[in-house]
């Protein structure tokens, strides 16, 4: 059986969009992961701040890595995000995914995204369906 | 007072990330917009399908354009998305934002994302705060 | 195989809380149902308006009836609601559940709750897990 | 200026539905509250378990008390709940509301609902709009 690190490596190495975002892996274990990225100018929107899709994407990668790390393939069912503070080009973002609940078929994760000043910039919740397919 | 088209042009022309996504504007009016994009290889994840952040970003741009088009600046408060069908590189995505409710301070939008086969690939709901700042 | 009406009757007749709410069944078919209730004084909160749990409960019953009516038992995974307008004692509420998406294991419903003036008072979205257990 | 306890007392004493639910107040401070209730037979649904509206209502009362306790009237904008484990008649439910984020106009709370065995039965998230009206 693969370890969380082996599974996440296999996902991450083939995840073109997470690589485009410049996501780095800081820590991981079964049901948990901690990621980092730096916001670039090309990630901003018409208000001059990071597009909402950037923090969502970072949090969604954290959800995918944390929820697949148990060894069974997991698919996102429903996710929600609140953007609590503007993010600018140059900001560093940290995303920490924590498992709130896990049953045989379903699991729920919370991902908190913070910036270099330790301020929360987004709160994300995601529910996944745990398939019977192994990694 | 600016028209919906003028406001959305001003937002879109400065929205580096929406331009990176290759978003095209198909139609727009107050409280409504219709967008299109084509998924590229660099937008996929470790499962070989579009990263969840891609459909979210398209829907979130639709939310931003539709909710700002009334003339008052609007900020996303909370958004949720369900990914109902996998999206592949080469797929065409259409996002249509519809206003479900609008009061003085708040408004709620639904964005349906469909593919070239008219299948729904994502269902998005977004709530915005309507500031007193005019465009 | 049971009809939607037979399944919903079996659920409704044993649903003590829906009966306490005074929910009436107006129409139903596979993946759809339309309910009605009248708000009573004992359903209000400290603001003198209906407790948020009342419109949620009505919408959640609509979700349960609509999602189980296909013949397979369905369980709520995640639901969200926006309360868009205050509801008072004496108000009549209508809830219409519509199926937005259905796959083998999952289905998504939207429930719109309106009052006697045809105003939307709440927008509800619910995702269910479709078990293999038949009604 | 009123204390959190005074504000919540004023809300609770007039909250007919929270009283019907049998909600007890265990602890409260600015931005926080802890409630308890016992599930009764009349709160169950056609599956013989507590109607989803019961745990939602408990969590929504916790949201209302916690978010109003700062002294400004707060109104629910959007709430979501995941029912993670069935609840039966006779079960004791505890709801703890914690403030995740607060700005001038908006605040976000998480409410975890647990049973007598310390198992999580529901995870709730709520966003409120903070009006300028004082208690």
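The first chain written gets the first letter, and so on, giving A, B, C and D; residue counts start at 1 in each chain.
Please note the rule applied: contacts are C-beta pairs under 8 Å (C-beta built on N, C-alpha and C of every residue); 3 or more make two chains touch, one makes a residue touch a chain.
In this text, all values refer to a predicted model and were calculated from it rather than measured experimentally.
Counted as hops between touching chains, the shortest connection from chain B to chain D is 1.
Annotation: C-D is the more contact-rich of the chain pairs C-D and A-C, by number of C-beta pairs in contact. Rounded to whole angstrom, the centroid-to-centroid distance between chain C and chain D, based on C-alpha atoms, equals 21 Å.
Averaged C-alpha coordinates give centres for chain A and chain D that are 29 Å from one another.
Taking each chain's centre as the average of its CA atoms, chain A and chain C sit 33 Å apart.
Those residues of chain D in touch with two or more other chains are numbered 77-78, 80, 82, 106, 127. Interface residues of chain A, counted against chain C in their complex, comprise 77-78, 80, 105-106, 127, 129. Against chain D, in their complex, chain C makes its touches with residues 10-18, 20, 41-48, 50-54, 56-58, 60-61, 64, 76-83.
Interface of chain C with chain B (complex): residues 80, 82, 84, 100-101, 103, 108, 110, 120, 123, 125, 127.
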